[in-house]
Amino acid sequence: MKYIEKLAKIDRRIIYLILFLTVLLPYLFKISLPMKPLPEVVQAYREIDRLPAGSVVMISIDYDAASMPEVQPMLYAILRHCFSKDLKIIMLGHWPLGIPLGIAALEDVAKEYGKKYGEDYVFLGYRPGVAAVMINMGKEIRSVFREDYWGTPLDSLPMMRNVHTYDDIAILVGFEAGSTGDYWVQYAQARYNQKIILGGTAVVAPDWYPYLQSRQIVGLIGGLRGAADYENLVHHKALAYYGMTPQAAVHILIVIFIILGNIGYLALRRRK
Amino acid sequence: MIELLRSLTILVLVSFRPAPATNVRAYDTPNDAGGSVIIKWDLSKDDSIVTKYEIIRITGSPDGERVTAGFVLRGTNSYRDVDLKDGEKYYYMVRTWADGEYSDSGITSKPAIPRPQWFHTKRVVALIILIVFGFLFFYYLKLAREGAPLWIRKIAGLEAIDEAVGRSVEMGRPILYILGLGFISDIPTIAGLAILKRVARKAAEYEADIIVPNYDPIVMVAAQETVKEGYMEAGRPDLFNESNIMFLTQDQFGYAAGVDGIMVREKPGAIFLQGLFYAESLILAETGHSIGAIQISGTTSVTQLPFFIAATDYTLIGEEMYAASAYLTRDPLALSTLKAEDIMKVLFIALMTVGTILETVALITGNSGFHFLKNFFSMF
Amino acid sequence: MAQVFWTWVAAFLTLAIFSFLYKDNPFYKFAEHIYVGSSAAFWFVYLWYFDIKPKLIDGWRYNTGFEKYILIIPAVLSIFMLMRFIRPLAWLSRWAIAFTVGMAAGLGITAALQGYLVPQIQATFLPLWVSKGSFWHSLGISINNFVLVLGTIVTIFYFYFSKEHKGTLGALSRAGIVFIMVAFGASFGYTVMARISLLIGRVYFLIHDWLHIV
Amino acid sequence: MKREVPIAITFISGVLLVIAFFIPHEPFGSLEQRFNDWYIIVSGFALILGIDSLLLHHWNKVSRRSKDWFHSLSLIIAFFVTLIWGFYSGIKTGHFLSAQSTFRQYFYMYVFVPLQATMFSLLAFFIASAAYRAFRADRFEAALLLFSAGIVMLGRVPLGNAVAPYMVGLVFLIFAYLLYSDGRKEVDPTRRYLKIGGAVLSLILIYPVGWFFLHYTAQTAGWIMNIPQLAAKRGIFVGIALGGIAMSLRIILGIEKTYLR
């Protein structure tokens, strides 16, 4: 009887320890759940996969450190996919505090694939005024970004010579933690017919399904699950893919704790 | 073979000029600060092969210079032209493009004259609500001035304030008051300050310390004034210690880290979490619980309320927090405004019922005239 | 090399914060104080580069006429705010606070009307009988609409202050509590996923970027 | 003068913003934006007050050599190092977050972000301990909270469907037990048999309800989020909006002036 009652008063540190191990162990032993990639992620993958080598992909960093664990893995997976297909990348962002995260990922993956700055990828950085930036880039990217993030004029970068407007960009991939993605659809897609893929946190992504249905976006990557699917598709399983097991395990763990707590509580109550 | 046929069809389609967009209308943008015109047209019959519509602006007279105002994609039948001069006449044409070929009807729209408006007609419903509320507000204020009795239901979280302060004092521990991440421009922060005054007065009566760590410097200044006032009301201005109401950092989790540190080191007996909270709410409430403090929380952030309900002893849910200052002071003027709120609630419930019935009727009879109430309430 | 050093710094700070879960200790204290101090400075630098400089300094430099000289108002209010450092003039800071509070009140009214009241009420104008597709499908949508309207109304009754919650009002407000509790539970459960993702991110940093195990 | 002027300022700025809401014409049309910009400037300067408070608080601890003075000293050092580094990088490269900024490369990426992210990630632990402790089916309302939290939690992950029936079954078991133990104490025979009958019914229902959740947990979670959750949220929003308007009116009219004393 006494043991049952103890279930009502498990020390919180024990809960913390079990939870920590639940997250850690699947990584160490690479335990993974069988998952079929979501159709909207597969769609995004195919859109990028069928681009001819040399096409330009624009990536927008519209999140910051708080959403990093969910969105950063998507960024890495997409970058790997693009560089492995010899696509060229232009990166920019609308969240000033996210810019450092974008550049870190870009340089990491570029090094991995031996890509050269200015020839294979360019980093534009941040300019204030979300909608104005998007609209003006439809007329001429140089009207917003005369220089790249390092202060080099765009015309002296080989890969930028023939890139002027959205017409020269095959696909735009927006990584979102707020409403900037809606602006991309509203301005770059509706006004300039830019092909867009959106990736974002599990909180913002559900709002985008209407865009997917109306074909305003051609792919959607939502939350850690979406990132895991993309990692799976590009055959580079990392944070997100192995993170899905702890994700599910912790949810179930919390429910088990709740049940144990209730059993203990009931036992206590009966004695009283 | 099929491929060939397809390319042939496309070739044939493309070499023909698309049907022009017709019925081009231009008018001043309603409810704006001037300088813009809205252009609408009926789509070309060949909209499916159209690449874009070009909007052409002619300033002054119909045969003036033609300037491209902008492009829109197929399927779009309106455009908003901006950066115009108020009072000037503008004529518009819409040119339909299909690859390299274009066509237009050659007829310009009637002139549009951009002007600024003095009243936002889409917001009339908001104005009506505000007027009705204002009327009720002043009516009950007048009743209160005349001394009509006002009653308010029990709110457990507010009843518990004195008990929490008392218990903290018995344990010989200080009181921690957390105003959250709100700026002074957030109404919940001001509601939090009103409750702080009461807590400060009680603390002064019991000669207990009260610690208020802050996220926003202006809120810190306001909190210092509020606590000082509470101590004065209790007749103990000598006990007031301004350095107990300090600033931490304007970083969400830096603030949470700092407050957690204060909790485990100062071991307050009562913790108040009153204001605007975001994700850090549970970090604070769980740490507060782990040190065994009695906690009273309140916020209007609906996403954080579940965590407060789970982790703290009493929670003021949304509007209950706004009612706090009236509840605690029993000031008849403040209480009268609660009565006005309640009447508004009944009015809104009646309105919802009517609106729901109208919508049902509209759907059953198929008469869209019954949507009038719903349409009236669409604003932006 | 610098990379390695800084990764160790980041790992140390991460573990120091985690150690708080066990109990308060010097490592956490150190990380906490570093965090509070450096983040206060960080946001100060941030405010300078993203707010004060573009809005006040550049505004003054690049604007002309009215747009330029109107900036004197916020500049004066800012100086009033700092008058708290000078005891005899400290009362001037209340003028600046009064402005911000007045702004809060004005925005409080318009934001409540535009952001909450009108759209939320409009959204509850739902038909209680919908015929769309099969009978069961229609019935499902109709019941959902009914529950939505009913739930909204009874929740509003819970916040009725000026009458005791007895009799009919009591029953309605209790029904309101039922909806509120279901909502809070659901909202709690919904958030778990995002929070676990955060922890996964940190654990991955430790074992991948720092220890290179995975 | 010292009291009336602030109240007048509050009144004027509040009323102006409400009027501006209904008038698109200049100067009202852009008033809200303008006031916002002013507010940002004022609050930027106010940060100096805050930093003064923070540093003074800790400097006092250092100079008095009170407990943890060493940590207070590291706070002060961290503050100045960050401040100087940030402005140094900013002046040298044009912006403190620019590409060449060492402040961005090192401080931001390896100190600031890890601290922020780790503090944020503590929530994963706290959400577990809060759920464990608080979700006790001691009252009907608490049982509802527990139930909807559990369903939504399980409905959002793979494998959730497989676990949900057990959880639901257990809740029904608990429910049956409560009804039974209450019923046993009941003096009135009809009530007693009703309650005990209810207990038996809950036991019988375990199987069909469990079957239901085996197949429809995710859908149920979606329904709870989209219907009852939304309804309650709307009701709360209406209350908050009305309370907010009333509070604002009280502030504008000077009935509520805690902040000014």
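We call the chains A, B, C and D, going by the order they appear; numbering starts again at 1 in every chain.
The rule we apply is simple: a contact is a pair of C-beta atoms (placed from the backbone, for glycine too) under 8 Å apart; a residue touches a chain by one contact, two chains touch by 3 or more.
As the structure is a prediction and not an experimental result, all values here were calculated from the model.
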- Task: Indicate, using Cα centroids, the chain positioned nearest the centre of all protein chains shown.
- Result: C
- Contact-pair count is greater, between B-C and C-D, for C-D
- Message: Quick check: how many Å separate the C-alpha centres of chain C and chain D?
- Response: 7
- Would you kindly tell me how far, in whole Å, the mean C-alpha position of chain C lies from that of chain B? 12
- Averaged-CA centre spacing for the pair chain D and chain B, given as whole angstrom: 16
- Item | Whole-Å gap separating chain A and chain D, where each centre is the average of the chain's CA atoms | 24
- Listed in rising order, chain C residues that touch 2 or more other chains are 17, 20-21, 29, 31-33, 35-37, 39-40, 42-43, 81, 84, 94, 96-97, 100-101, 103-105, 107-110, 113-114, 117, 121, 124, 149, 152-153, 156, 159, 180, 184-185, 187-188, 191-193, 196, 198-199, 201-202
- Message: Could you pull out the residues of chain D that touch at least 2 other chains?
- Response: 18, 21, 39, 42-43, 46-51, 54, 68, 97, 108-109, 112-113, 115-117, 119-125, 127, 129, 131, 133, 135, 145-146, 149-150, 153, 156-157, 233, 236-240, 242-245, 247-249, 251, 259-260
- Junction residues of chain A - those touching two or more other chains: 12, 16, 19-20, 23, 66, 68-69, 96, 247, 250-251, 254
- Show which residues of chain A lie in contact with chain D when the two form their complex. 10, 12, 15-16, 19-20, 23, 33, 35, 65-66, 68-69, 96-97, 99-101, 103-104, 123, 125, 149-151, 244, 247-248, 250-255, 257-263, 265-266, 269-270
- Task: Can you check the complex and tell me which residues of chain B touch chain D?
- Result: 31-34, 116-120, 123, 126-127, 130, 133-134, 137, 183-185, 187, 190-191, 193-194, 196-197, 214, 216-218, 220-222, 225-226, 228-229, 243, 246-254, 256-257, 265, 279, 282-283, 285-287, 289, 300, 302, 305-307, 309-311, 317-319, 321-323, 325, 331, 333-334, 337-338, 340-341, 344-345, 348
- Write out the stretch or stretches of chain D touching chain C in their complex. 2, 5-7, 9-18, 21, 32, 34-35, 37-52, 54, 58, 68, 71-72, 74-83, 86-87, 90, 95-97, 106-125, 127, 131, 141-142, 144-153, 155-157, 221, 223-245, 247-249, 251-252, 259-260
- Would you tell me which residues of chain C are touching chain D in their complex? 2, 6-7, 9-11, 13-14, 17-18, 20-21, 26, 29-49, 51-52, 55-56, 70, 73-75, 77-79, 81-82, 84-85, 91, 94-117, 120-121, 123-124, 144, 147-156, 158-159, 176-193, 195-196, 198-199, 201-202, 205
- Task: Using the touch rule from the top, collect the residues of chain D that touch chain A in their complex.
- Result: 94, 97-100, 104-105, 108-109, 112-113, 116-117, 120-121, 124-125, 127-129, 131-133, 135-138, 146, 149-150, 153-154, 156-160, 163, 167, 170, 174, 177, 181
